[in-house]
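Notes follow the structure.
Note that the chains take the letters A, B, C and D in the order they are written out, and that residue 1 is the start of every chain.
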Amino acid sequence: MSETALLRVENLSKTFALRRSFSEWVTRRPGEVHRAVDRVSFELAHGEILGLAGGSGSGKTTLARMLIRLVEPDGGGVFLEGQDVRAAKGRDLRDLRRRMQMVFQDPYSSLNPRMQVGAAIIEAGRVHHQPGSEDPEAFVTHMLDLVRLPSTIARRRPRDLSGGQRQRVAIARALAVGPQVLIADEAVSALDVSIQTQLLNLFLDLRDELGLSILFVAHQLSVIAEVADRVAIMDQGVIVEVGPTAEVFRSPQADYTKTLLASHPHPLTIVESTQKEA
Amino acid sequence: MALLTVAGLRIAFSHRGGSTEVVRGVEFAVEPGETVGLVGESGSGKSLACRSIIRLMPAHATMTASKVEFDGRDVLAMSAKELRDHRAHSVGMIFQDPYSCFDPTMRIGEQVAETLRVNAGLEGDAAKARALELLESVDIASPEQRFRAYPHELSGGMRQRVMIAIAISASPKLLIADEPTTALDVTTQAQILGLIEQRRRESGMAVLLVSHDFGVIAQACDRVVVMYGGYVVEAGPVAEVCARPQHPYTRGLLSSIPSLESAGRRVRRAGIPGQPPNPADLVAGCPFADRCAQVRPACRELHVALEGVGDGHVTACPYVRDGVPVTNAGGSR
Amino acid sequence: MSDLAHLVTVPWRRLRALGSWEITTGIVVVAVLMIASLLAPLIAPYPPNQIDVLHSLQPPSWHHWMGTDFVGRDVWSRVLYGLRIDMLVVAVITYLGLAIGVIVGTVAGYVGGWFDAIVGRVADTVIAFPFIVLVLAVIAIVGPGLKGVAIGIIIAGWALYARLARSEMLAMREQPFLMSTKALGYSHVRAIFRHALPNLVRTSLVYSTVDVVVNMLVLAGMSYLGLGQQAPGADLGSIIASGQGYLLSAWWITTIPGAVLVLFGLGVSLIGDGITRGDLPQGAL
Amino acid sequence: MLAYTARRVGVSLVQLLGLSFLSFMLIHFVPGNPIATMLGPRATVQEVARISASLGLNKPLPEQYWLFLGHLLSGHFGQSITFSQSISSLIGQRLVPSLALIGYGTLVALVIGVPLAIVSALRADTSVDHGIRIFTTVSFAMPIFWSGLILGIVFGLKLGWLPVSGYGTGFWGIVRSLTLPAVALGLSLLAVIVRTLRSSIRHVMALEFVEAVRARGFTTSRVFVSHVFKNAIMPTVTVLAVNVGFLIGGTVVLEQVFQIPGLGTLLFQAVEQRDYPLVETLTVLAGSVVVLLNLSTDILQAVVDPRVRPGAHSV
């Protein structure tokens, strides 16, 4: 185990019980279980962006949620700078969650619809007594600035914003509590391509400016290719391959990775390849 | 002669306090047997535009057009009866979400058979036999068993196959596929696109593929129509448009698309700044003017119209050619 | 003069800005009834219980707008006072039930586990009792009178709000915006009362426009049966009952208080309609 | 399907148990001593104690509940105090008029309500729709006893078409005597039916599959009959079952207005006389009817809509 790792995940597991059938119920046999995440281990270094890719049902979202115990793991461990997340309670757990912030997929439901943008950001800062939060206006302006939004947005409500703007607000709110790790769970998947690019660049900027470590969960390999230093490919609850992004994508080892890469259309490569054929 | 010609298409939603135009003068054509892609981001009006072909408008939406002609017949002038016939026999359609597209309380096979009974006049066992044939033709394993399944018991990919079976049951001349793979995994996506392509080759029908994903379009289509803010901004052969995009929006869109090639390069893409337009806020002029790096005052008064740049390639921007500003453009028309 | 005109037109324009005609009309109707009943001591021409046997069963006239009853009491005055007590009782019990139900239901849905299971089961069971039957059972124990009716309606009424709030909370728990309160390290109290409750109380408030009408009708019904407001006090139900012996000869005693009840119900329902049509998604029952 | 039914029956059993428990608790925890209330202000402490003992109210609570439950299960509801008759035979005599009234009232509501709902949904936001909404809102806001009285004045006393009180004999006699109360009952239920059905028709019509069916060139009437209505009717049936409690309540009041010798009149008399074993039994009975009806509609729903059945939810 290298000591440089900021976040260390060891043998993390989660199984969900399926609903029992009538015969199982009568005979009191245990029902079937679904292994959503099966003994997964990985590390995230300081200032690193790790991509986590997989199809739907691969367990990547469950894994991401277990890191901050939005879903309780059944086994294994999560350690932030050596501190055991699974053992933490109350104040300690809240502080660990503060240090690992999450950005969700759907920008339309991740913000409280009744709260102004500025109020949501300053609330986050105040709850954790973040430096600068005594001056709400400056604090909010600074946070919005970090995500490249004008401070005029502070008085708007989520419904007045576009999807991309909402996602930036969600990121600003996450930054307001001073995290070390950002978990982006399909954070750009619901957005249009042109907006996606802007957000991807924002994540790269945040890593460079704030030294954030980012776990970037996505089903699109090409999106991960744009931002991730390393990539982990997940299938059926297991990480089937992990390594530097360029290496994994140029010479994939696992069959599943190969299938994923093969079914990925990019207009220019397709056009090039058809022209070569012709 | 073109199978389908649409021109001057406008679609507006009426609501309290007025109406909002979301399609603002669109033209495109589909030749027999070819696959045309309609690409655009959310709010571009592509989904509504493709529905105009069978006049399938949602509540509170009204369409007008100078021309919607299919196979030599005027779709706009069709009576209710003729329109039903047109929908039943000439055009098939599949939708984005293969789950919500089925009656949840009816067995899958029943839904296929119902279409055959109503539209092809088949009865009882004949309808069932034909339905089973159709299910087999879209590569559904053990169709007898699937026939009795309810929609929620099938996977997304399987449901989309059944949807295709229903859509092609009357051997239509055109298949409209509205984001057919958006709700599916990438691996399933490839299979569904393959299936559509295979059916097209066998039956000689044309396909109009609507998608937000340029990758899907490039993979499956002969020609592409790019939409933005309710307008067609560029159209042409896919290879030509990808290699030599003319409209600044198309250039920006293509350069935004993430690529596996970027792996390990750590280079930021230029992309397109700003937010996609809200149809209610759009005024006269080029819809892309607010986000365009090469905008000039005349753009705000531009009458959006397509100009040829050779080889069936058209663009709605008179001021930029191959990314270079044209000094002596056709002026404001 | 223009200032005076403003007093009327400005609130009216504000009301119009709320949107649909339903909400505007509804608010005006309910406001008029409310003001009239609040001002009952000022605008009622006679004390509600003043007996005047010489002028019994008088049809509506200048002296008695809505006629008199069998002992010569002025029906209009009695209706005003009756409406006053009915509206007060209904407002208190409905919104007390709402407050109890919403808080219990929200907390239950948020914490889950055994507390949620118990709240859910108890609420379901209470809802299974026919409303009026439960109120009657409570009256059998407490004894007739407004107190019995009020206790009965609250015992029966909180449960629906608890169920509504609980099921919304269960759905909201899966929503990213509530998950993010956990992710942001907020306390449970903050998550429930600052983030969840303001978003889910709306459904209950909309439903309360139905509940107010139902409770008003139940209260009137109990008084009509002689189990609610006791003589000589008047409420709308008991006035109607007092006219039952004179249906043909003195129709005004029964029809007018009933019409006032209908007007009240219509006004409240219109407000509810207006809110629902304004911005609830289609298909939300 | 079997598993679902079993689980659903289990839930209902728990609910019935809860029902009995709650009505038992009511007597012990609602302020007021039922026996003292029953005997009136002049009763002595000794008398109260004697009656309490005879009803078993001096035994420990769990034992009392156990006895109460035993009686309910065996169908031996005990003796009524005021009627000096066994409660079960009392209920037997009074059951039919009440059931007939509820059934007739529901029928009236459906016959008027379903067409109104369909028209209202298909012509949404037109003046027809607004008119129907106002009509149903008024019918909902009318106190049921009042609309009963008004109907009585107009069709009974003025026009003399139908009787205004009592319970006739023979099929047509019963129908005649129940028509006015049934119309009053139906009007009070109308709003619920029209609103639920209207909004669920609108909901289904906005679903994507309806667009998909239209895209196949089906006629509007086929789309409506074979797809929309079938999917929209089930929520209405469920709401109807939930509202059976509302109907029972309406019946209690209407039986007073029209002097129909049904369970409602019995309950009213029991409350008036503080015949408290009878009140308790009738309360549990009324609750059980609602629970059992909800059970049957839920199972019916599972038959009609396959998604409700177990296994329908993927992980």
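In this text, a residue touches a chain if its C-beta (ideal position, glycine included) is under 8 Å from a C-beta of that chain, and two chains touch if they have at least 3 such contacts.
Remember, it's a predicted structure, so these values are computed and weren't measured experimentally.
Under the touch definition stated at the top, chain B and chain C share these contacting partners: A, D.
Interface comparison, A-B versus C-D: the higher number of contacting C-beta pairs is recorded for C-D. Distance between chain centres (mean CA atoms), chain A to chain B: 32 Å. If you average the CA atoms of chain C and of chain D, the two centres end up 21 Å from each other. Rounded to a whole number, the gap between the C-alpha centres of chain B and chain D is 52 angstrom. Measuring from the averaged C-alpha position of chain A to that of chain C gives a distance of 48 Å.
The set of chain D residues touching two or more other chains comprises 206. Multi-chain contact residues of chain C (touching two or more other chains): none found.
Within chain B, not a single residue touches two or more of the remaining chains. Looking at the complex, you find that chain C touches chain A at residues 175-177, 179-180, 182-187, 190, 194-195, 198-199. Those residues of chain B whose C-beta lies close enough to touch chain A in the complex are 41-42, 185-187, 189-190, 212-219, 238-239, 242-243, 252-254, 256-266, 268-273, 275-276, 278.
Considering their complex, residues 206-209, 211-219, 222, 226-227, 230-231, 304-307, 312 of chain D touch chain B. Interface residues of chain B, counted against chain D in their complex, comprise 54, 56, 58-59, 83-89, 93, 95, 97, 100-106, 114-115, 118-119, 150, 152-153, 163, 166.
Every residue of chain C that touches chain D in the complex is listed here, in rising order: 121-122, 124-134, 136-143, 151, 155, 213, 217-218, 220-221, 224-227, 237, 240, 244, 247-248, 251, 254-255, 258, 261-266, 268-270, 273, 282-285.
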